[in-house]
Amino acid sequence: MVTRGDGRIWNELRPITIQRRFTTASAGSVLISAGRSIVLCTANVEPQVPAWLADQGSGWLTAEYSMLPGSTTPRKQRERSRVEGRTAEIQRLIGRSLRGVVDLQGLGPRTITIDCDVLQADGGTRTLSITGGFIALVDALRTIQAELPNPERLPLHDSVAAVSVAQWGEDLVLDPNQQEDNEAAVDFNVIMTGSGKFVEIQGTAEHAPFDRLLLERILDLAAQGIAELTRLQREALGEDWPWAS
Amino acid sequence: MVTRGDGRIWNELRPITIQRRFTTASAGSVLISAGRSIVLCTANVEPQVPAWLADQGSGWLTAEYSMLPGSTTPRKQRERSRVEGRTAEIQRLIGRSLRGVVDLQGLGPRTITIDCDVLQADGGTRTLSITGGFIALVDALRTIQAELPNPERLPLHDSVAAVSVAQWGEDLVLDPNQQEDNEAAVDFNVIMTGSGKFVEIQGTAEHAPFDRLLLERILDLAAQGIAELTRLQREALGEDWPWAS
Amino acid sequence: MVTRGDGRIWNELRPITIQRRFTTASAGSVLISAGRSIVLCTANVEPQVPAWLADQGSGWLTAEYSMLPGSTTPRKQRERSRVEGRTAEIQRLIGRSLRGVVDLQGLGPRTITIDCDVLQADGGTRTLSITGGFIALVDALRTIQAELPNPERLPLHDSVAAVSVAQWGEDLVLDPNQQEDNEAAVDFNVIMTGSGKFVEIQGTAEHAPFDRLLLERILDLAAQGIAELTRLQREALGEDWPWAS
Amino acid sequence: MVTRGDGRIWNELRPITIQRRFTTASAGSVLISAGRSIVLCTANVEPQVPAWLADQGSGWLTAEYSMLPGSTTPRKQRERSRVEGRTAEIQRLIGRSLRGVVDLQGLGPRTITIDCDVLQADGGTRTLSITGGFIALVDALRTIQAELPNPERLPLHDSVAAVSVAQWGEDLVLDPNQQEDNEAAVDFNVIMTGSGKFVEIQGTAEHAPFDRLLLERILDLAAQGIAELTRLQREALGEDWPWAS
Amino acid sequence: MVTRGDGRIWNELRPITIQRRFTTASAGSVLISAGRSIVLCTANVEPQVPAWLADQGSGWLTAEYSMLPGSTTPRKQRERSRVEGRTAEIQRLIGRSLRGVVDLQGLGPRTITIDCDVLQADGGTRTLSITGGFIALVDALRTIQAELPNPERLPLHDSVAAVSVAQWGEDLVLDPNQQEDNEAAVDFNVIMTGSGKFVEIQGTAEHAPFDRLLLERILDLAAQGIAELTRLQREALGEDWPWAS
Amino acid sequence: MVTRGDGRIWNELRPITIQRRFTTASAGSVLISAGRSIVLCTANVEPQVPAWLADQGSGWLTAEYSMLPGSTTPRKQRERSRVEGRTAEIQRLIGRSLRGVVDLQGLGPRTITIDCDVLQADGGTRTLSITGGFIALVDALRTIQAELPNPERLPLHDSVAAVSVAQWGEDLVLDPNQQEDNEAAVDFNVIMTGSGKFVEIQGTAEHAPFDRLLLERILDLAAQGIAELTRLQREALGEDWPWAS
């Protein structure tokens, strides 16, 4: 069996810590870490919607992603004159994934922005952003719950979390860190709901195409990771978890 | 069974036309169309590599994607001051997918740029770009074959093609056009090799999460489409197809 | 007498091909080629005018010009963060030249945008854009004719076409290709109406100032080329040519 | 005597917390807070200098400042296409202030970048950035101490800290929060060394010009605040404080 | 006593020339020079205010600063794609300093823009911009005086001027030129009203921190310079000086 | 005969003033005015050439054009994030026109930059920039004459000047001001050498196409204006005029 550099076994997540209300200027603010990766997810609500949604009663959710310069070694340059392709791709993924469980009609004419700022990057920051972003989203919805079209229930269909799986040599590993990621032959990001359905799947053969059998094993491993992350989200939210336990 | 707006049955590709050497200024130049979608794929070779590959002997392949203003109704604005997130995401996908079958060491210290310019857009332009881009890539490699480190064989592991599958109401449809895409509940882009392996899978639940069973049916349908596209690529390339027939 | 590299005599245009309705997403769409130069001209109509024309009843016509990366050898970089001076100069010329024959009042409060995208560049792409752009403009006007303030006649005073003349050694040559252009001592772009009047003249001494006599001979040669181009425009438009034949 | 909104007396700093090594990807990483204001200061060392310093043996120190979108209510837009004037002004101030105590020759040919990312903003973030940035700088210098031209001592002439003083109605207040700042008639940022000398003074009459007497009282109050901040810096650095205690 | 390169004694301003109405397209237009430094200050009035001031009846004053390419040796590049930090800092200072003496309510809903374009730079251009900008401002206010809320008096509390003081070796020098500025250990910009109050103070230790005693001497010297500059402003404005003489 | 708003007769230039060495930081510096239009032309020499000219021994000349914000009523916004098409077109014209009389080989490996900054704009600023730019160019060449490959003679084939001619109603007018320009039916910019040859001709029908006869009359009138401008250039340069008188 694979021996991982940080001592984990193949199907083990990194230790996750979740700190809600890390700051108070935003309606939702969650500091989430997985091993050395640390992301601050804030959720803010604004009483407008994009022009193409005007006068339809529906709300919107969007996300932005950024890495602080000190998050990597060596230091990463700020994106101050243009947004890199990688950043654009990641923040679009975060937005789609969270919208996948939100009832936009139930939001009313509001935009929620989920900002995911990476304080330290050691792999898996896009999936961590989704997992933490969901908690910040719930906190923001709780903050404005009384003003929602239906204050009885949050406009959420399900919870959502995300995890990576990599093929590392002959083995699969759950939640790879940066070094494992760099060396992976196949890299999957899997975004699933708390009830076990898929919101998004992105799988890439970095070095060699993969077959259907490997795909099946990857999805099995991802599903196990998501179940564990969902449990951690529910624990962190406690009474604010939107569904009866 | 589903009745599609353009008369196709559910597992039918749009009519594909492929015109090699549409222009002659580029080493490879392919005009490919699927129904009303038309993409000009050109492949150019430059004798440098990006700075981070310097002095490693390896080559590189990158891709750019753009929609002409007249490709849509209404007219689409040019991206002249910044590149949109969608564009960045698509051109990164095209580049990764083609690199997935290229032997970069076998290229020698060269960069191949695949430009995919959409002359008309009616859905599926990113997958069409990959399918057509592969043909332009082969043409470019044939052009420089004598200068390659090993002129005996092209530095390609396999062929690659791409297709979309959408869940449309209760049905699956292969190669959806724009209108089907807009109304789809689930949208998959599947990139596979000629030998039937996966290079990349991207699946998104636009409206409702999907389950494992649907995923399996989608991959089956995609595999059938890829097989047909691979046959068309081989026909178009004729004697230039890199593998014995 | 001068022997030209491509076998033409001095006062001979390159073979011109014109394909109307190359795409259908735009109201007008013309693929025009002169020898190896190929330009896709599309015309789109939008029901707004620039702010400075608001509430004056008048319409507007503007143009954009761009070269695809694969249009030249070696590959040309995309203008994605800024527009080059040459591009700005050319697209302003195209817009002015076409506006020179349009009755803007007769358009009503609409903006027509002529997009000229160069698929392959071998000299003369700016003049080819004007000649082809006029045909796309007529097609677009025919498309919206019923909605015009006066549906009885198109809001056009005249037709317009453009051609280059170069001094090449001691000789003048009509419609120079890129190589002839590079070696020219004097380069003129002449834009004229079908009835033989000037809309714009731009003449530049690339290497040595020129005298009045040369100017007169250049204008004579240009007028001959314009007459031929006008005939080709009329043939291409057939019944849609705005004036009785 | 003035009653401040948060219960402080006029010459009282907000409670300061300092957490060294908040992240480990940077040579220095300090999370510093004053009341609700929170700044993450990281210090990174790169083995190059700007072009204008090349081959002079000297090092350089520069700073960047940025506010996270979630740091304010309402959410602040990211500076992704251009840097605002306020940001440019602040990061230049931070850089000059820290350079004021650094022996650039003693750094050797290296650039230290101090990144100050505001996680939450409630006034005084530029001064907090300087105070925390100095600690991150010391940590970074300790990290590379063995490689310095003179490993016996850090290339620092003195410590540096910064504080604001505002005239609020008739009263002076030390370390104003955002609300006090908004209502201030006069606003001073004072940057001083641990030994009580000035590195930079910036005083602005927001509403009414001020006289010399007020200036003198402001500088007295600032000096008291700096003395307290210097004590906190020394405590936080403990054995790593560069000077004998 | 210090011998200055240009023959001045330590407390001597450079010769100042002031030419009002240098151009007539702007409501105020002043060409001001100090030695070799030359700045064209124009003041223009527009009948709008920034969005955040809308419907409050108040006016606004803003400033822009720029150096012409030919103003320095060697030639300075134009800021055509982004504004440098130094430029942003200077134009914010000019705007704040002039606003410090303007009664914005008394302006009515107008924006005055002070443009300071440096035709030649030999040090002190930011302070010269403020001193000249005040004269252009008065001229602009005279131009629109009849339309002001209160046409009886200009909406100005006081006059304003600015000067630099540098520590040069052991000595202080008033109004340093570029060479003196480059070699200065301490550099102060002092902005004061005609009645001797401070609007802004910016002092920077370029090489070594400075003590309180030096600060006091610097402010004394600055006050003397400001008094002289105020006299020159009053002379230049003659009958248009806003206060009884 | 036409009565012009400013009292001139049809073939009369505006009064021209030329002030050499207006600033001293640039090798050439000319303040030139025609009526209310005022342009500062500076010429600077740098010891490099663009990359595409490297190692060919040849020099280069380029030009930049800009309008100060205060040059027009109402105030014109600065081009700080992008260069407008009109600006690009004008500065390319200025550069081409001056290069038309320069012996680039005779410059040696240097770049001369002609900056034309419009202090006040009342029509004709592009032609004034060429006429004044030539004088600044001669001054710059005199400054570096001793270092030129051949110090015996300036690397100039001829002098160059520029003027506009407009059709205003039924009449032609020389050197139109802004108001005449706005109302013109046809507008020509003619750039000619001192010996009466053409360097560039740009003629545009703003409202109605023009015939060959009008063109001939325009060129006659332009030639007369150029002769007068050449005389003024020679007078201004006096002994520095490059050719025997």
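Going in written order, the chains are labelled A, B, C, D, E and F, and every chain counts its residues from 1.
Note that a contact is a pair of C-beta atoms (placed from the backbone, for glycine too) under 8 Å apart; a residue touches a chain by one contact, two chains touch by 3 or more.
Please read all numbers here as calculations on a predicted model, not as lab measurements.
**Student:** What's the fewest number of moves from chain B to chain F, given that each move must go to a chain touching the current one?
**Tutor:** The fewest touching-chain steps linking chain B to chain F number 2.
**Student:** Listed by label, which chains are in contact with chain D and with chain E?
**Tutor:** none
**Student:** At what distance in angstrom does the C-alpha mean of chain B lie from that of chain A?
**Tutor:** From the centre of chain A to the centre of chain B is 28 Å.
**Student:** Indicate the whole-number Å distance between the mean C-alpha point of chain A and the mean C-alpha point of chain F.
**Tutor:** 60
**Student:** Find the geometric centre of each of chain A and chain C from their Cα atoms only, then give the gap between the two centres in Å, rounded to an integer.
**Tutor:** 52
**Student:** I need the residues of chain B touching at least two other chains; which ones are they?
**Tutor:** As it turns out, chain B has residues touching two or more other chains at 81-83.
**Student:** From chain E, heading first to chain F, what order do the chains fall in as you go round?
**Tutor:** The chains follow each other as E, F, C, B, A, D, starting at chain E and passing chain F next.
**Student:** Residues of chain C touching chain F in their complex?
**Tutor:** 82-86, 88-89, 91-92, 96, 100-101, 157-158, 192-193, 195-205, 208-212, 215, 219
**Student:** Touching chain F in the complex: which residues of chain E?
**Tutor:** Within the complex, chain E contacts chain F at residues 22-26, 29, 36, 38, 40, 42-44, 46, 64, 66, 68-75, 78-83, 113, 115, 117, 119-121.
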